[in-house]
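You will see chain A twice below: alongside chain B first, and alongside chain C after that.
Let's turn to the complex of A and B:
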């Protein structure tokens, strides 16, 4: 081992208790950061997946302007052949066409304004979790049968059940009056109150007939196999659509800005707390290294007399800090990785969190997810801040004068 | 050729509310291969002069030259480089690095100089043998006697064969037998390698080894005599 490295290593063990406490603080903060970031990222992923899988999908093809102002006449023409062509070209089934209208849904007793979706029954399950969340009855059959599935809250509000009829009143694409009577064949429960209260689905062909859509619809929903692959898939979809079709592709950020904002707000507050933790650790390192440099003033005077420049001595102090930082990373990542991996398999729950989790369609039991980023992001930031904290003690050596330093006790 | 040249050096320290003249218009020339003792009572200015020559302290006025190069106006980095390449120091209090073994203390300077590991090993073994510390290479300073520690300090000072060795009271903490051994070693190095030695001391026995004796009092040179070394 290089003598300078050996010197640095032995220097940090001159005060073993102090070194253990400082390194322990780094290990503790690293374990905490790994666990919290792994949990946080897993929750975000779950929030995104659950929200997008419920309805929105990873991206949607729409007419320009439809996202801001959902007018019936802003349509995607020949939407079913388009969705079919994309499925074929992209060799995936996770693409489905939809049309949307805001209608008045009436039972015998009550009426409510709802969002009515025309869906392709055979493909909707590939882009939405709703077909799989039917609690009573069944999902739609393909074709144009006059049937509908509605959310559980809406069913309760309208006081209807399976087999009951629902009257739908709205405006067609051309502005004319549109109406239909459909039979409730299924009731779903997504866990997202807004969806369960306001959404009903019927076959797309029926929708096109009722609302005079002339083969058009409003959105083609596309799902990527993984959220991380969505951007690449979006590029492929855009290139397949070409420039001759007047259509746009919106990713989930644009489709659900509220979701991203909620995540960003949560992330900001969490990272503020992490920053405080990291700064506390950095101050602990600053204290340790400052003490260590002050205690060794005489020795620094000696090595200066021997011909070491202040820069070299400063690098020695940084090296000592780096060694402690590396120990913090290794032990922190090891302990944090093991602990978080255990919880990622077994999960855990916090009393009182179940209701909040339900609002975001999250499971009551939380499972952190360890990845390279969650394992090393926190420890690397702690490491960099500890090096930063060692800069001041290292810089102090530049003001040291050998004769005075050697007189220090 | 002149190894060390000091021209009109002055240095004043503030002690309490009094100014103390540590160097008062000191001028000396020391030739290469010289073996010089600076003698003065405590506070006479010998350590201050040694520190000025070694670039550890800056004089208030005057000029210092080492091998013809003016050093009193150099920056910290350049002075460190000069000390590393040309000057060896031996201090009264040994000043070894406590966490390094005898061999590591000796090799430390060579490592900083960029000497290869194998070469460092060979030279440290030779020099420790030369100062009579063969077999004690792996001991740390705390495990050695004062004499042994001072010999490690000497080995460290001379291992890279500096042209100039500055020693400040090198025998102050040693018994007479060890002192004689150390001075004998200095004299031998001076003879064989033409290393210039400047030794600050008030030990009469040490002065006996010097070829030239400079006496100082209150920061001034009061006597400068050539003598036959014992």
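Let's turn to the complex of A and C:
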């Protein structure tokens, strides 16, 4: 072991209790940071996945302006051939075309305004979780049979079940009156009340007939295998579409602007809390290192008189801090990792959390997820700040005058 | 009493012996206390806005419905009493504001587009206090009275429907026999709201006009009552309950909006956890400071013990020292929090993340709320836990054997 390192090691154990307390402060905040950051990242991931999987998907091809106004006539022409051409060119099944309208749905004794989706029955399951959530009956068959699947709350409110008929009233693409009678073949339950209360799906071809769509639709949903690959895929889709067609590709962030902003808002308030924690730890380190330097004024005076430069002594002080910091990282990461892993398997919930979580499409039970980033991001920031805090005591040594220092009481 | 004064003097002087350490510790405590109060004020402000936006807007503090209405908001689930009877019982009962309404889902159609909306039949004179729409800030005009034959819609909805003031739209819903009830209306006003979803969802029409269109005679679907303070909803709830029959459902706002109810509860817990976490982070430094202060003075303490000072006085001296440190730190922290929050009380613009905040139910301006209870809570927690944390080093100091302590070499 080199001499400076050995000196530093011995110095920090001169006051074991102080060292333990300072390291303890680091371990405490590191454990907290690891747990919170792991939880946050897991929550954001889930929030994004859950919000996108029902309808939005990773990206959508739309007519310009549709994203803002969602007007019936802002259509993508020949949408079914477009979707199948894309599936062929990109060699993937996770692409499906859709059309949307707002209609009045009437049963025997009830009427409700709902959002009606025309979907491609054989491909919808690749881009949406709804087909997999059918509780009663079945999802749509392909083709243009007059059938519909509706949400469970809507079914209850309309007082209908499988086999019952539903009358749909709305306006077509050209503004003319549109109406149809369809049979309920399936009821889905997504657990998201807004969707279960407001949504119905029927085959796209039937939709195009009812609403005089003339082969057009409103959106082509494209999913990447992983959210992280969405950006790359979007570029390929854009280049395939070319510039001759008047279409745009929107990523999930544009489609659901609230999502990223909710995450940003949450991140900034979390960031404030973490910053405070780190600052308090830095204060603790500053205090400790300043004390340990002041205590050793005489000692420093002597070694300085013997010819040691203030720079080397300063490095010693920084090294002492670094040793404590590394201990903080090691023990913090160890304890934080174990604690967080335990919760990531078993999960936890806070009373009253369920209602709040549901607002963000999150389950009531939270499972933090430990990754390399969540494990070391917090501790490394803490480490850097402790070094920063030790800078002042270390630099102070430059003002030390050997003779006065040796006489200090 | 004399001893206490002497101990306090000793403690004060000891504190300033090593002023650097004391100043650093004071800095840490002040920052910690500031963060406790500042963060609490921000979250309180956020929740307060959320609840004000969320309930004082339309829902009021207490609502009365047909028992089946909330799950199935249908025109069939009308309140049993007629509107004139309701007016008789509620008028002059001393509520801050109350109103009876028709609220049903409907489809609105312009020449080009149709959308699902929530149709509200209101008496505008009654709703002034209850509405998120400021009547004078409407393009065109707001409804004149319950017989008004026009509708007022939100800006966002007007844009998507390609319509505006003076244009005609059609509203479709159902009557109690499930026949389609529809009627053409002229848009007389377009309102702005601080949440886009309000502008998309709500359509206002005259109550009497809707009663005619929906063929329900003199009946309504809900009564809304506003009390003085959303935190103190029980008296209003009781008063309403006394005025209606048992065959209707009376709900408090936190039952209507469980998200906000949960939010309010979780926030209290959050404030407590936040204060304690900050304190724990502080406590390492505090204990450290005390341990050092004792350690430096071992010989001195030994001498005092040898001279006959009672161990309990040594204990008291250290604890007073720690309390003094905490009190000064708290005072600075409180002052700092006050000084930073007061200038911000006119509102912090967070419109950069407006859509995200809307998802949480908050509009884009945040008003921090400095509540005395929270400040007291933070201060008391710091003092009590600080006292507990300083017990161990103080106890240790009072247990020294005088001879050993005096001869101790550093």
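Just so it is clear, the second predicted complex is superposed on the first by the 407 of 409 C-alpha atoms of A that agree within 3 Å, B and C clash if a C-alpha of one lies under 4 Å from a C-alpha of the other, contacts with A are read in each partner's own complex, and residues count from 1 in each chain.
Basically, a contact is a pair of C-beta atoms (placed from the backbone, for glycine too) under 8 Å apart; a residue touches a chain by one contact, two chains touch by 3 or more.
The model shown is predicted, which means the values in this text are computed figures rather than measured ones.
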item: Larger contact residue set on chain A - chain B or chain C; value: C
item: Partner chain in contact with A:265 - chain B first, chain C second, else both or neither; value: second
item: Which superposed partner A:305 touches (first chain B, second chain C, both, neither); value: first
item: A:142 touches, of chain B and chain C: first, second, both or neither?; value: neither
item: First (chain B), second (chain C), both or neither touched by A:245; value: neither
item: Contacts of A:2 with chain B and chain C, given as first, second, both or neither; value: first
item: First, second, both or neither for A:110, with chain B first and chain C second; value: second
item: Residues of chain A that touch chain B when the two form their complex; value: 2-4, 6-7, 10-11, 14, 298-299, 302-312, 398, 401-403, 406
item: Partner chain A, residues of chain B touching it in the complex; value: 51, 54, 56-57, 76-77, 80-85, 87, 89, 91, 95, 97-100, 104, 107-109, 111-113, 156
item: Chain C-touching residues of chain A, taken from the complex the two chains share; value: 15, 17-18, 21-22, 24-25, 28-29, 32, 69-73, 101-104, 106-115, 156-157, 169-171, 175, 198, 257-266, 268-269, 272-273, 276-277, 279-281, 283-284, 286-288, 290-291, 294-295, 350-356, 358-360
item: Residue ranges of chain C touching chain A (in the complex, touch as defined); value: 18, 20-21, 24-25, 27-28, 31-32, 35, 39, 42-43, 71-74, 76, 105-107, 109, 111-117, 159-160, 162, 172-174, 178, 180, 258-259, 261-263, 265-266, 269, 274, 277-278, 280-282, 284-285, 287-289, 291-292, 295, 350, 352-361, 410
